[in-house]
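Common to both upcoming complexes is chain A, partnered first by chain B, then by chain C.
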Partner chain A sequence: MRWQRGLWLFLVPSFGLMALVLLWPLAYAAYLSMFDYHLGSPGMRFVGLANYGQLLSEARLWQSLWTTIVIALGSVGVEFLLGFVLAFALYRLTFSVRVFMILLFLPHIITPVVATLFLKWILTSNWGLIDATLMTFNIGPPDWLGNPVWAKICVILADAWIFTPFVMLVLYAALQALDQAQIEAASIDGANSWHMIRHIILPSLVPVIVFTVSVRLMDVFRFFDAVYVLTGGGPGTATETITMYTYQLGFQLLQVGKASALGIITLVIVAAVIATFSHLLQRGYGRTG
Partner chain B sequence: MKARRMARVRNQTLLFVALTIFTFVNLVPLIWAALTSIKNPADAFTIPPTVFFHPTFEFHRQVWLDRGFVRYLINSLIVSAGTVCISVPIGSLAAYALSRMPQRRASPILFGLFTIRMFPHMLLAIPFFVMGSFLNMIDTYPLLILALVAINQPFTIWLMYSFFLEIPRDLDEAAAIDGCNLWQTFRIVILPLVRPGLTVAALFSLLLSYNEFLFALVLTGIKTKTLPVAIASFGGEDVSDWSISAAGAIGIMLPIVVIMLFVQRHLVRGLTIGAVKG
Partner chain C sequence: MSRTSLTRRSLIGAAAATALAPYVKPAHAAGPIRVISHRQPALEYYTEQMKKALPEGQVSVELMPIDKEIELASITMSSKSDAIDVAYLNDTTMQKFAASGWLEPLDDLWAKYKGEFKLDDFPKSVIDSISYNGRIYSMPILTNTEMFFYREDLFKESGTALPKTMQEYFEAAKKLHQGRVSGTIMTLKPVDGCLNESHWYLNAIGEGWFDKGWKPIFNQPAGVKAITMMKEMTAFAPRGFTSAANDESSINLQQGLAAMGLQWFTRAASMDDEKKSRFVGKINWIVPPGGGQRIANDGYAISKYSSKDKDAIFKMLATAASQQSMQKGAELAMPPRLSVLDDPELNKKYRWYSAARASLEVGKPFPSMPDFLDVGAIVTRYILQAVTNEKEVKVALDMAAKETAELLQSRGYYK
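Let's look at the complex of A and B:
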C-alpha cells in the first residue's frame, strides 16, 4: 500500500505528549545539572560542569555504582538459574502447568511495594517469621536487614523474588517455540536431558537470553521500590544503589542541580548498556538467522 | 514398554511434587501476610504459628475505613482510569500509523520508543518535581496522570503495534476503495478488529499505573496519595500495626489477582514488551 501522508497526523498526540512530558523535562534536567540549586532557596548559581566533577570525585557515587553492579549481577544470576530450572520443569510437566504458572507468577504481578513489604515482614529482626522460627530452635539469627552484607543479599533476593517469574515466563515461551523435531531426533539418538539442554536447547535460546538479560540490567538502574521499602539504602549506605542515591540527593537533601547531574550520568551508563546489548543482539541474530 | 511408561509416570510425579513444594515455599511471604491480616495480635506472634484460630476481619475493616485507605483507593482509581483513558487511545493511533508505514521507517521509531522505555525514571522525577512546583501542580491528579501516560506510551504503542500488524493491509485498501478516508478506515474498519488487543493494553496500563510507586511518591501529597505510597509510609515499622498493614497490603493485592486471571493468556506478549513493571 502507498504510504499515506495523513498517517503522520496519527502520531501527533502520542509523540507530542512524549516530547512535552519526557523530552522537555529531560532537557530541563540537563540544564538544571549545570546549576548549584537547592530547592526552596531563592537563587540558582551557574556552575558549569562543577556538579559532574564533584560527583565523579566522590567515593559515595562509586560506591553506589558498585552496589548497583553487585545487586544487578547477583539478582540477574539468581533469576536466570532459577528461572531456567522452573521454565524447564514446566516445559516437561504434562499437566496442571497453567495453575503453577499463575501461582508462580503472583510475586511478579502484585504491586512491588506490597511484595517487598511481604518480604520485610519475614525478614524483620526478632518479630519476622524467619527470626521467630530460628529463635525457637535457640539459633541466634543475624540481623538480616541491619548487617551490610546480609542486607545486600536480602535486596538481591527481593529482586529475585519479584523478577524470577518474568524470566521464567519468557524462557518458557521460548522453549515452547523450539523445534520439536530436532529435540525428538536427539532423544532418539540417545541424548540425555543434560546433553539436550547443553547442546540443543541453550544454544537456540541465546538471542532470548541476551534480550532478557539486557532488559533486566537496564531495569536495575530503575530499581527503587524494593530498596526504598526494604532497607532505605541502609544500613548506612550498604544497599544504596545509584537510583537511591539520586533520590537522597534530590528529595532528601534537595540538591536538585547535583541530583540532575547524577541522573544524567545514570542515563549515560544505561545508554552504554543498551548500545552494548543491541550490538550483541544484532550479532546473535545474524548468526542464528 | 511398560517399564518406560512407569518411569514416565514416576518422573512426572516427582516433577509435580518438586514444583508444588517450591511454589508453596515461594509463596510463604504472601501466605504469612494473609494469615497475619486475619489473626488477633495474640495469635499472630506465637511460634510455632498457630494453625487454628478464630479469623477476624476487624483489621481489614479498620485499615479501609478508620485509616482512610478508601480515600487512597479512590485516588488510585482516578489516576489509573485517567491514565488508561488517555494512554490507550493515543497509543493506538500512533501504533496504527506505525504498523502501516514501510518497515524501514517504522523500525527506527520503534527502537527509539524502546530506549525511551529504558529511561531511568529517577532522572525524570527530578525535573517533574521542579516543574510541577513552579506550575503549582504538585499533589494534583493531572500531573501524575500525565507522567504515567508518558512513561506508559512506549509499551502501549509496542503492544498495539503487534496487534495491528496481524490485520492484513488489504482491508485498509478495500476500505479506501469503498471511499473511507484514513480516519474512517481506522475507526470503522480496523479498530473493531483489534478489540482484544485494546482490552489487553487497557488492563496492562491499569496494572502499571496502579502499581507505580516512584512518581506517585514524589508528585502526590495528602490529597492525591495513591495506595502504594500510603502502604509504604504506613507499613512495617511498628510491630503493633502489622495486622493492619498486612490487611492493607492484602487488600491492595486482590484486584491485581483478579486482573491477572483476565490477562494471563496474553502475559507472554505483554511482558516481553515490558508491561507491569513499566
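Let's look at the complex of A and C:
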C-alpha cells in the first residue's frame, strides 16, 4: 500500500541509536584491530590481519579460552541446575512464595563487584570469615584463592551465587505458564514427578531454557568483574579468562590494536557457541514436547 | 568599492572589551583541581597538605590502589582528557608517562619558585629520578625503600641469628615456620607486588634484569637460581601469598601470622600503631639479606592536558612538599629533602630510620626504561606460573625472556 512506504522513517531513530552505540564502536574496534597501535607511541602502523595471526598462534590465548570454557560451563551448569531446582520448589510451594522469592533474589540485586567483594572477604586467607571460623575448630582450610583448582571453583561459585536467582526467576515465570491440563492428564495416567519433569515440563520449557542459557553463556564469556576482584586472573594464570587477557592487553600493556583484535575474536567465538548451543538444544527436543 | 561598516553595537562591544582587558586572565576550567593518588598513610598525609594549600573546595583528592590509579591516569591522559590534573607517579611510571608526552615539563615553574620553596634542598639523585631526557616532570614527595621486617621476640626465643644472606633468610624462615606463624611474608600479587619481590631475588641471588644492551638476562643460570629459591620460599609463606599485596602482608606481620619478610619503609610506623598491630615494639628492621631490594622516588606530576592554572597547581604541590610539611610527614615516609633527612632528631624519634638509611645504601631502583612496567607484566605472569607449578622455572623464564625481547624489539630498543 502506498501509505506504508513512508513507514521506514519510524525505524530511523532506533536504527540511528543502535548504529551509534553498537555498530560504530564495533566497526571502530575492527578498524583498530588492523593496526599496530600502542598508546603512547607516536602513531599507528597498518598491519592488516597480523594481530589476529599473532594472537591465534599464542598459547596464552588458547589457555585463556580453555579457562573461559571451563568457568562458563561450570557456572552456567550450576546456575541452571540450582535455578531449576529452586524454581520448581517455588512452583510447588503453596505458602510464602513471595518471601522466599525475595530472599533468594537478594544476591542478584547487589552490584556484582560489591557482591564479589563480600565473597573476597569471606574467602580471604587466615582472617576471612570461612578461614577464621574453620581455624577456630582447628580445621586447616584449603587456600581458596591461592590454589589454582580452588580458585577456579571459587570463581564458578561466585558467579553462580550472583546469577542463579536470575535463572530461577525466568524459569519460575515459565513454569507459571505451563498447560495445567497436560500435567493433570499425565498425573491421571500415573506419571510420577520425574516422568512429569522429563517428558512434560522440560520439553515445554525448551524455548525459555535456550533463552536463559544463551544469555548466561554470552554473559559468562564476557565474564570479568568476579575474576578481576577475586583472583585478578591468578594464581599464575589459573583463572585468566579471555576478557581478563583482553583487559591486560588493553589497559595494562596499552596495546590497543591487539586488544581490539582479541575483542573481535571473542565476539566470533561467543556467536559460534550460542549458535551451536541453540541449534543442538532445539534439535534435541525438537520443540515437540 | 567596499568599506567596513561601523555599527553602534560593534562600537559598544569594542569599548567594553577595552575596559575589561586589564582584568582578563587566561581561561582556566572551573571546578576543583583533581588529584589521584595511591592510598597509603604517607600519601594520605601529603594529599591532605595539598587540600590545605588552597582554599577549601579547590582541590579534590581520590585515593585508590596503585594499579587502579596508574590505569586511570593512563587511560585519561592517553585520550588527552583534562579529567585529571595531578597524578601520583613512581619513578618508573613517571618515565613512561613522560616518554609518552602526557606530562607537563616543570622546569620553568621549578626555576620560578626555586627560592620561595627552597627547591635546591632536593639532592641531585632525587632530581635525576624525577627527570626524563633532562627535563623535570614531577614534584618529589617521598623516597622509599623496602626493608627487612622481623619479629625480634621470635628470633630471640629460637636463638636464630639475623639473616645477612638469602640462604640464611631461607634457613630462618624454615625454622620459624611453626603453627599459625608462617616463616615469611611474600607479596606476590601481580603486577606490582610480585615485581618488587622478584626484583629483590633477581638482584640478591641473580644478576639483575638486563645486560647493557637491554637484552634479558633474568633467564640465565643465576636468575633461574633466584626464582627457584623464591619458589622454595613459598613453602613458608602464609596461605594466599599469590594474591597478597602490601596491605595483606602488613596485616600478617601486625597480627603475628608471619615472622619476617620484605616490606616498604612506609609500613614501618603501622607496626608500632596499637590500633593496628598486636606486636607493638616487637617488630624490628634490618637491611634486606643480600641487598638489591627496590628503592623508589615518588612524586606528583601535572597532566599536560590539565585545563587548570598550572602555576597554582605547582604552588600547591610545592607547599605539600615544603620543608615544614615534610618534617611532619617524616613519621610516615622518608622525605627526599636533605634538610629534613639530616635532622638528628629523626633517628631518636622514629626507630626504623637507621635501618631505612642503611637499606637505601644497598637497594636498587627498577631498570631505567619507560617500558619496564610492561616488561614487569610479562615477567611476573611467568614467574607466578613457575611459583604455582604451572611451569618449570627455567621454561617459564625462557618464555618470559623471549616475550620481553619481542616487546622491546617492537618498541625500538634494539638496532
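Operating definition for what follows: the second predicted complex is superposed on the first by the 257 of 289 C-alpha atoms of A that agree within 3 Å, B and C clash if a C-alpha of one lies under 4 Å from a C-alpha of the other, contacts with A are read in each partner's own complex, and residues count from 1 in each chain.
The rule we apply is simple: a residue touches a chain if its C-beta (ideal position, glycine included) is under 8 Å from a C-beta of that chain, and two chains touch if they have at least 3 such contacts.
Computed from a prediction, not measured in an experiment: that's the story for all the values here.
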{"item": "Partner chain(s) touched by A:Leu253 [first = chain B, second = chain C, both, neither]", "value": "second"}
{"item": "Which superposed partner A:Pro203 touches (first chain B, second chain C, both, neither)", "value": "neither"}
{"item": "First, second, both or neither for A:Ile110, with chain B first and chain C second", "value": "first"}
{"item": "Touching partner for A:Leu145 - first (chain B), second (chain C), both, neither", "value": "second"}
{"item": "First (chain B), second (chain C), both or neither touched by A:Gly53", "value": "neither"}
{"item": "Partner chain(s) touched by A:Gly77 [first = chain B, second = chain C, both, neither]", "value": "neither"}
{"item": "Partner touching more residues of chain A, whether chain B or chain C", "value": "B"}
{"item": "Contacts of A:Asp219 with chain B and chain C, given as first, second, both or neither", "value": "first"}
{"item": "Partner chain(s) touched by A:Leu22 [first = chain B, second = chain C, both, neither]", "value": "first"}
{"item": "Interface residues of chain A shared between complexes with chain B and chain C", "value": "39, 124, 127, 135, 251"}
{"item": "Chain C-facing residues of chain A, complex", "value": "36, 38-41, 124-127, 131, 135, 143-146, 148, 231-238, 248, 251-254"}
{"item": "Complex contact set, residues of chain A against chain B", "value": "1, 3-4, 6-8, 10-11, 13-15, 17-18, 20-22, 25-26, 28-29, 32, 39, 86, 89-90, 92-96, 98, 100-114, 117-122, 124, 127, 129, 132-133, 135-136, 161, 163, 166, 169-170, 173, 215, 218-219, 221-222, 224-225, 228-229, 243, 246-247, 250-251, 256, 259-260, 263-264, 266-267, 270-271, 274, 278"}
{"item": "Sites on chain B touched by chain A in the complex", "value": "11-12, 15-16, 18-19, 22-23, 26-30, 32-33, 36, 45, 47-49, 90-91, 93-94, 96-98, 100-102, 105, 111, 115-116, 118-131, 133, 146-147, 149-151, 153, 157, 169, 172-173, 181-182, 186, 207, 210-211, 213-214, 217-218, 227-228, 231-232, 235-236, 239, 242, 245-246, 249, 252-253, 256-257, 260-261, 264, 267-268, 271-272, 274, 276-277"}
{"item": "Chain A-facing residues of chain C, complex", "value": "71, 74-75, 78, 96, 99-102, 180, 189-191, 238-243, 248, 251-252, 255, 257, 374, 377, 381, 384-385, 387-388, 390, 410-411"}
